[in-house]
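This report concerns only the one structure given below.
All chains are identified by letter, namely A, B, C and D, in their written order; residue positions are counted from 1 within each chain.
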C-alpha cells in the first residue's frame, strides 16, 4: 500500500482537524502518499480529491469543524455512484481510506470495501459519544467544555434572580453529554435516556432544599428525551419559582478543540494509519480503559454503546 | 449626607458586581457609610439591608450576575410597603440610595423619593442597551462577547456542513445587541426592530453568492422581532440549503464581566456617589460621546433610546 | 481614484483582520478596486501585492494577528527601495494606500507620499494605545481582556496560597494597559510611567490590610518602568509573604478580537476609505470622545499621547 | 468511623474545589459527618477545622484554586505540633482525614497516622502530573488547556511577524505538561527531561522547512530543563529569525476547572471516602488505564512517575 485518502463524514465534531493533520503527517512519515477528500462521500463520488502536503494542514490544529467539510449523501447507497467514486480513486492511485465520522459512515465505507476492495480505517468522531465498542469518540471533550461554559454562565443569572434553569443538550439515544455535564456543573436534576427518573422523589428532594433557603436549581436534559419543556413547567409548578428553558443547540458542535481532543486525535490518527499498514481491511480504531485496539465494523454494528458504570452511579442521585 | 445603600434591581447584567464593589469603596473614601440591600426592592421592603465593609466585596469584581441578587416586586407599587421600606432605612440611618438597574427600577425609586425624600442615583444596567439618554448601559459589552463566542463557534459547524444558521439574540424593542453582534461576527443578514428589511433583496444578494460558491450563511435576529423561525424556513427555501435556528437565551446574561464593563462600572459608581454628594435627588448617570453626565428620571422617561448613527449605517447592507 | 491597497505594518494587534476585511468590502461598495499588500513595507518593496476579492477575506473576522503579515523594513528608509515600491504600485495601477499600524509606519508612508504623491490613510493599531490624537487604537480591548483572564486566573492561586503577585504587562512609555487592567482586575498596586508612586505609602496601606487578615495582594506593572523584579522583592520583604512575578509577554498580542475591536475595526476601515475618497493625502483616522475625525500625520507626530483624566483619577489610589 | 475532615495541601491545582464539594456530599450520603480544615497542615495544627454542610460547598464547583487554602508547614515535622493537631481532631471527634495534594503531603499524613492512628485517604492533585502510581493527577487537564490558549494566542502573533517562539511551561522533573502541550499545539520542538534531544538534527529539520517558506516555529520547554533562554538564542541564531521567550508562570495553576477535572474530582472524592469506609489506613486513590484503585503511601514513595509510552512515542519527532 502506497497511498491513503483522508475524509470526514457525518455530523461534525471538534478534533476532526487535528486528526486530519496528524493523519497526513504520520502517513508521510510511514512512506505513504496522503490525499484529502473534500465534502465527504459527496466529494468521493465527485472526485473532489487532492494530493496533500504538510503545508495544507499546517495551521488547522486549533480550529473547530473540519476543513474537509462533511455531507450526507444518499447517492452513495447506489452502486453506480460508488463505482464512480472508485474510478476517481483508481485514476489517482489511491489505495486506502481513512474516514473520520460516525457508524453510518463506517457502514457506507464497508459496502464500498465489499464492492471494490478498497480497505479503510475508521476514526469514531461524534459529540454524542454513542459509537459502540469505544469509550471515547473525538469531539466529546470539547462539546462538554462548551456546555460547561454555558451552564456556568447561566448559573450567574440563576443565582442572581432565584430562578430554576433547564438546559437541553444534544444526545438522541445517548445521555453521555447530559450526564457528564450535569455532574460537571453540579446540576440538581439530570434527565437522560439511560436514567429512570422519579419526578415525585425529585420534587420532594428539591422542595426540602427550597424550604431550607436554596435559591437556584438547575437541570440538564438530553434532547432525545423530549422532556425540556415539560420539565421546565414542572419545575415552575413544583418549586413555585420562575423556571426557564435554554436549548444550547449547535453551539455545542463548535469551538477550538480542547487538549484532550487534540491528543486523542493524534492517537486515533496514528492508530488508523497503523491499522491500514497492518493489513486490516475494515477496522475501526477504539479506545477502551486507556488501551488502543481495533474492531471490525461488524463487531461495532452488532454492539450497543454503553455508558461507564461510574458515570451512571455518580448520576443516580440526580434523577430521583 | 452620611450614608448610602446600594442595591441591584431588574434583569441582571454583567458589571453589576464591579459597580457594587466600587460604590462601596468610593463611598468609604468620600466619608460615607455604605450599606448593601439584598434581593432588590423586595429586600428593601423586608429590611434585608446590612452595613458593608470592603471585605464584603473584596472578591467579586470578576463574577457575573449580582451578589446582591435582584427581584421584581409588585408590592413596591403599594404605599404601605414603600413606607415599610422607608422605616427600615430610617432605623438604620440610611440617607440615600444607589440603584443599579433599568428604567422601571428608576421609576420605582423616584416614587419612593417623592414619598419620603430619600434621594437616589441610578446606574443604567441592562444587556439590551435600551435605556434612553445614555450611549452605554452596564453589561452590554459582556453580553456581546458571549454572543460572539457562540456565533464564532456555530460558524465552525456551519462551514463544515454547508448550512445556514439563524441566531436569535436578546432585545425586545431594541436591536442594539443584534446589530452590534451581526457586525462583529460578519453575519449576512440582520433583522432588528430599527432596520426595515427587504427579503426579496436579501434573497437576490445571497443567491448570487451561493451560485458563486459560498457555502455558509448566517443571520442574527433580535428576539423582539419574532422572526427567528420564519427566517430559518425562509433561508432554507430561498437558498435551498439546510438551515437551523439557535436561540442563545439566558447564556447571554452571564459570564465574567469584560474589561470594558469593569472599567465602566468603576466610572458609573464614582458618578453615582458624586451625584448624591452634589445634592442631586433623582438623577441617572449617563455616558454620551465619552462624557459623563446626569439626567433626571423625568428626562429619561420622556426620551427614547436611540441607536448610534454609525451602527445603523454600518448595518444597512445587512437587511436588504 | 479607482484603487486602493491595504497593508499592515509594525507590531501586530488584534483587530487588524476585521479592519482588512471591512476595508476590502467597503472599497468595493464605493467603486474602488482593492489590493492586498503582504508582508508590510517589505512586501511593498518586493511587489507582494495582489488584487483582492471578498472571498480572500471572508473567514478572517475572528482571527488574531494579521493575514497580511507585518514586518519592519530598514530598506524603506532608502529612496531607491521606495521607488521600487512605487513602480510596483504603478504597474498594478494602485493609486492609494491604507496602512493599519503605528506612528512609525505612518511616517514611512508620509515620506512615500512626499516622494511619489501616493496618498494614504492611516488606521492606528497597537495594543499600547499610545498613538497621539486618538483615544483608541485597534487591539487594545482584546489585549486588555487577555490580560484580565490571566490576572483572574492568577488570583485563584494567589488566594489559595496567601501570596503576592506582580504581573508585568506591555507598555513602553504608556501605562494605559497597566492602568486599565489594574482597575479592571482590582489590583492593589499599579506602577505606570504616568503615575508617580510612593512605596512608603503603599507599604503602610497594605500592611494595615495584611494585619486585618487579607491574604492576597496583586500589582500590575508596565514593563517600560522596569520595576517588575524590584517590586516583587519589595512586596516579599515589606509584606513578609511569598511574592511572585509573572511576565505576560506575547500572549497579550494574540487572541480572537473582542466585539469592541471588531466594531471599531469596521468604523476605522470606513473612515479610512472615506478619507481617501474625500481627497485627504496623509491623514490618520482618529476617535475622540465618541467622534470620528482625521489628523494629518504632522499633527500626530507633534502631539503626545495622553491618558484620559478619568483613568488617571481612578488609578490614583493604586500608586500610593 | 463517623466523621472525616477534608483538607488541601501543597501546590494548588484546579479540581481541588470540585473534589472538596463532592467529598462533603458523598460523606453525608454515606452517613459521615464532614469537616473542613482551612489552611492545610497549618490549619490542622492551629485547629482551623469546622463542621461542614452542603451549603458551604454549594457554589464552588466552577472555581479555580481551593477555598480551603493551602500552605507549607515546617512545624508539622515536629511531633509536638502534630500532637496539637491530633488534640484538635479529638476534641471535635474527627476520626479520619482526606487530603488533596501531592506526595509530600501524603508523607506528612502517613507520619501522623503512625503517631496517632488517624487514618487518611489521599487524592493526588498537582498540575505536574508527577505523582507515581497514577496516570492522572487532578488539575492537569485544566493546566493543559490554559497553556493551549496561550500558545494558540502566541501563534497568532508569531505567524503575523515571522517569528520563532519558545514557551516555557511548568514541570520540574516531569515533562508531561511540556510534551502534552507541544503535541496539542503542534509545536516544532519539545524539550523535556524525559526526551533526549539533538539540536543538530532539530536545526537541520527546521532549516529545511525555513527554506521551503515556513515563517513560524514554536518550541515548548519544561522549566525544569533550564533550557528556555538558551533555546531562544539558539533558534534566533540557527534559523536566523527573531525569537522570543514567554514563560507562562502562575497563570497555569488557575482557571475554572475543565469538565475532565470536575468529573475526575467526583471520582477521586468517591474513591477516597470509600477507601476510608473500607478500612484502609494510609491509601492513595489512583487511576490507571481507566480503572480506579488504591496504593499505600509506601508503594507510591518507592515508585517513580512514568510517562505513557504513547505520549513519549508521539513526541519523539519533536526533539530531533
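Convention: a contact is a pair of C-beta atoms (placed from the backbone, for glycine too) under 8 Å apart; a residue touches a chain by one contact, two chains touch by 3 or more.
Computed from a predicted model, the values in this text were never measured in an experiment.
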{"item": "Greatest separation from subunit D - chain, by CA centre", "value": "B"}
{"item": "Centre-to-centre distance between subunit D and subunit B (centres being mean Cα positions), rounded to whole Å", "value": "39"}
{"item": "Whole-Å gap between the CA centroids of subunit C and subunit D", "value": "36"}
{"item": "Centre distance in Å when subunit B and subunit C are each reduced to the mean of their C-alpha atoms", "value": "28"}
{"item": "In subunit C, residues with contacts to at least two other chains", "value": "152, 155, 159"}
{"item": "Touch relationships between chains, expressed as pairs", "value": "A-B, A-D, B-C, C-D"}
{"item": "Residues on subunit C engaged by subunit D in the complex (per definition of touch)", "value": "8, 11-12, 14, 16, 63-66, 69-71, 146, 150, 152-162, 165, 215, 244-251, 253-255"}
{"item": "Sites on subunit D touched by subunit A in the complex", "value": "18, 21, 29, 58-59, 61-62, 135, 141, 144-145, 147-148, 152, 155, 159, 180-181, 183-186, 214, 256, 258-260, 262-263, 266-267, 270, 288-292, 310-311, 314, 317"}
